[in-house]
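Before we start, here is the structure in question, set down as structure tokens.
Chain lettering (A, B, C and D) follows the sequence in which the chains are written, and residue indices restart at 1 in each chain.
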Amino acid sequence: MNTATDYTSAEMMTVTAARALENGMTCFVGIGLPSEAANLARLTHAPEVVLIYESGTLQTKPDVLPLSIGDGELCESALTTVSVPEMFRYWLQGGKVSVGFLGTAQIDRYANLNTTLIGDYTAPKVRLPGGGGAPEIATNAGEVFITLKHSPRAFVRDVDFITTLGFGRDGKGRDGVPNIGKGPTRVITDLCVMKPDPVDRELTVVSLHPGVSREQVQEATGWDIRFAPELAATPEPSDHELAVLRELKARTERAHSGQ
Amino acid sequence: MAEILSLSDAVKRYVEDGATVAMEGFTHLIPFAAGHEVIRQRKRDLTLIRMTPDLVYDQLIGAGCVKKVIFSWGGNPGVGSLHRLRDAVEKGWPHQIEILEHSHAAMACAFEAGAAGLPLAVLRGYVGSELPNVNEQIKFIECPFTGERLAAVPSVRPDVSIVHAQKADRAGNVLVEGIIGVQKEAVLAAKHAIVTVEEIVDDLGAHPNACVIPGWAIDAIAVAEKGSLPSYAHGYYPRDNRFYKEWDAIARDRDAFTRWIDDNIIQTGGHA
Amino acid sequence: MAEILSLSDAVKRYVEDGATVAMEGFTHLIPFAAGHEVIRQRKRDLTLIRMTPDLVYDQLIGAGCVKKVIFSWGGNPGVGSLHRLRDAVEKGWPHQIEILEHSHAAMACAFEAGAAGLPLAVLRGYVGSELPNVNEQIKFIECPFTGERLAAVPSVRPDVSIVHAQKADRAGNVLVEGIIGVQKEAVLAAKHAIVTVEEIVDDLGAHPNACVIPGWAIDAIAVAEKGSLPSYAHGYYPRDNRFYKEWDAIARDRDAFTRWIDDNIIQTGGHA
Amino acid sequence: MNTATDYTSAEMMTVTAARALENGMTCFVGIGLPSEAANLARLTHAPEVVLIYESGTLQTKPDVLPLSIGDGELCESALTTVSVPEMFRYWLQGGKVSVGFLGTAQIDRYANLNTTLIGDYTAPKVRLPGGGGAPEIATNAGEVFITLKHSPRAFVRDVDFITTLGFGRDGKGRDGVPNIGKGPTRVITDLCVMKPDPVDRELTVVSLHPGVSREQVQEATGWDIRFAPELAATPEPSDHELAVLRELKARTERAHSGQ
């Protein structure tokens, strides 16, 4: 597999996120970046990854990326489509999802996610869309992958509001809770890959993307970010991955602008 | 038994000022025509329930119909914010509205429990989330068999539910196909239900386990061709993704919004 | 991911002595071939769960495979009693069995809760019935919102569920059509699931909202042509009502029953 | 409408039971006698009665009577067929059923039903099939009709076991219970029609079938049966009703013996 030399940091993020998915996993897919990464995985190394969207579409294989979580394309290419209550009850809560793939507006050092609001709940500075499927995806899926662009506004020491549990305000939010998934096992950004520390659960950079320095990551993070003692270099995208991703995005662009 | 009415008559008869209304459709089959009719009839003080408020509730909020919104994800899918929802919540325009927010799982279960005639839904949910701190309708119970702590939310039981579907037959039986969301649950959970359809046909042509809602579980059927645009109707027309993107600019600005409502909803007199 | 196995291998691998097993199918698609294979393999001490035990459990009980039955209606539909069930309960032949009985509503909810990964099901049920006096698994909880007293039962979560369906594709995805009962719930609620099918096809040809169980939610698929006879398979063959009537005489008599099992199950060696 | 002169007491029972159903009612139908009566109603005066069977078949119009509650005929002639959990949750518990039509093995003076066993629970003399759908049909349907053959073995003062609530051991079993239906509003046998007393709920004969005496009813009842002060005469079956019923049974016979 040739590695490409000319790619964007957004492409690096998507390819790295896609590689996190293994063939045969059942993945509950969030819209946006997770959806892009999950479909790239399906179109490259993981043809049998099972993609599930909260709109009820089971094992879907969209030819273009959906703009919304319930685009017709998702239903037309699905094995079957169930009601939304069934999706959350039988498939997610029923333990059939191995990985939930989420984006977020804010994330903190314990991988708690905030998609509710910036500021105070009763007088918000910015009102965000809200929880959606995330609160239960994060606790009922076997594990959780998170992908978002790295910035100090997004990576804050403590989120303004825990919409969705990572490891809680003290890193111990999952301890002793029965029937709960492992929670966030990796966070993939345009700069690096992070994993929770096995002991205290604080997010730790385990791999830097090519050309990215520790300083860049620190500048884009709102707390003193830890680096793993054996910091890896994230492998570069291959030509094939980039070609598939670019073709997918071009197809998507054509399909959506045609309407 | 479902009566076939004009959309205007159906809304007039079943949507009262102050009512609790669920207009459902998970991205697909969103009842836009019905929402526009509610705006045209200048209904006020509505409590609106919907998992994903989408543009239809953004329009109703901006048009001043709404007192309270119960929801679980309030964005413009794939685009960004619902600016009218944000303006109402952040700045009180056109007036302050209350919000009560859940997760999707909880709302889906609450619709399901409403359809099932139960007062509550029980789920393995909200673990570690701070939503229970700001929504007093989220409680926790203990399983009498395992001792496990489980979340409980009140079931959704609207005064009126309004959904859009592909077709009805002449007896008012309705076929919903594709992404069926919580439409059936919304209809069954409500005191009254209005279903708008693309067309009325002699025979639904449904397979044995299709999502068919019997006419006797519905109050009114109204034909609303292209009644879910800019959302879509599986088998009829695609989603107008371009409009979803254009809405961002329209809704960002109060004047642009007001003009849009006036030009596209009020002035059309029901022939939008 | 579903593996395509022979019925004999599937039962050998997943049905252990002492296991809790749900063979479901509400009148339709009853997994008789699989039940007969369990008899042939002389499995013992099974706890059998099934809303309507039907002839298949009558046969398993009479053949001595069963320690306990959890059920909600144990009759020969339209004909009368299950004589082997009665003989075991009333006279302890071939040995005493335990029974735990529910109502249909409670069992249906318990399967649903099992599929939903919950430890309990809540229903408005058992009001005024004396079943809670004889089934300690029926409890009552108080709704934290309304104070209403509601019944609670533990969810059903079998070690193995076995159902029969019309067809599977080569990836093990299964289509169930017609009276779908609690088959999907039984499969999803179980630790392991075996699905017998009439045939394996290239394409299920299913409509968008069909009851399709994905192969990755199933452990084993086994082809069993006519595998639900004397029950039926919608689209394949009708119910053998005559056999249901004939069973009454066979099952009334211990010797006639033993001969029947020997001639029709044991001696066939899996080619019944 | 001509009244027939030549009919059996079983036909009298079925016709009378059928007449209890009104056009437009939604009826949750038990197998056997209730099913026969409900389909007769549908084929005569109540063409728009909605018949629901617990197997999940909604609004079914079988051409022949089903032998089992889940015969293929029920599905093939239904508006749609739902899962059994949905049937019990959305349609019955959800309050969409106006009348539940039940048979029983034993019934007592407060219309409690026993289909569990004769004798003692731990050492039964006769083990009956059990509750099935009845316990929740009886409480979640708007009201309940019961039909069975009159005999002292069936009509007992106190049932051995309350599988399904009528009005409880003391007639007060529904008092103060929220969200509960009216319960049994009529019992139709081959001899008479009974209704619960409006005050104390004890079953009271309100109508005698043609040619039936009070003594016959008393002999067939295991307690001192009450008669209403204004005892009516049950109208006889019409020629049309009998013809439709007989043709239905003949069709059924042909269909079931053909297999």
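Simple rule for what comes next: a contact is a pair of C-beta atoms (placed from the backbone, for glycine too) under 8 Å apart; a residue touches a chain by one contact, two chains touch by 3 or more.
Owing to the predicted nature of the structure, the values given are computational and were not obtained by experimental measurement.
A count of C-beta contacts for the chain pairs A-C and C-D puts C-D on top. Note: centroid distance chain A to chain D, computed from Cα atoms, is 57 Å. Distance between chain centres (mean CA atoms), chain B to chain C: 39 Å. Chain geometry summary: the mean Cα position of chain C and that of chain D are 28 Å apart. Touching of two or more other chains is recorded for residues 75-76, 81-82, 89, 93, 140, 179 of chain D. Each of residues 117-118, 123-124, 148, 178, 180, 184-185, 208-211, 234 in chain B touches at least two other chains.
Every pair of chains in contact is given here: A-B, A-C, B-C, B-D, C-D. Within the complex, the chain A residues that touch chain B are 31-32, 54-57, 66-72, 74-76, 81-85, 87-89, 92-93, 112, 116, 121, 124-136, 139-140, 161-165, 168, 173-174, 177-180, 256-257, 259. Put simply, chain B touches chain D in their complex at residues 1, 115-118, 173, 184-185, 188-189, 206, 208-212, 214, 216-217.
Across the complex, chain C is touched by residues 117-120, 122-124, 137, 139, 141, 143-146, 148, 150, 152, 154, 177-178, 180, 207-211, 234 of chain B.
The touching residues of chain A, counted against chain C in their complex, run 24, 26, 50, 58-59, 75-76, 78-82, 89-90, 93-96, 140, 179.
Against chain D, the residues of chain C that register as touching in their complex are 26-28, 51-52, 71-75, 77-79, 81-82, 85-86, 89-90, 101-106, 108-109, 111-112, 123-131, 134, 148, 178-182, 184-185, 211, 232, 234, 238-242, 244.
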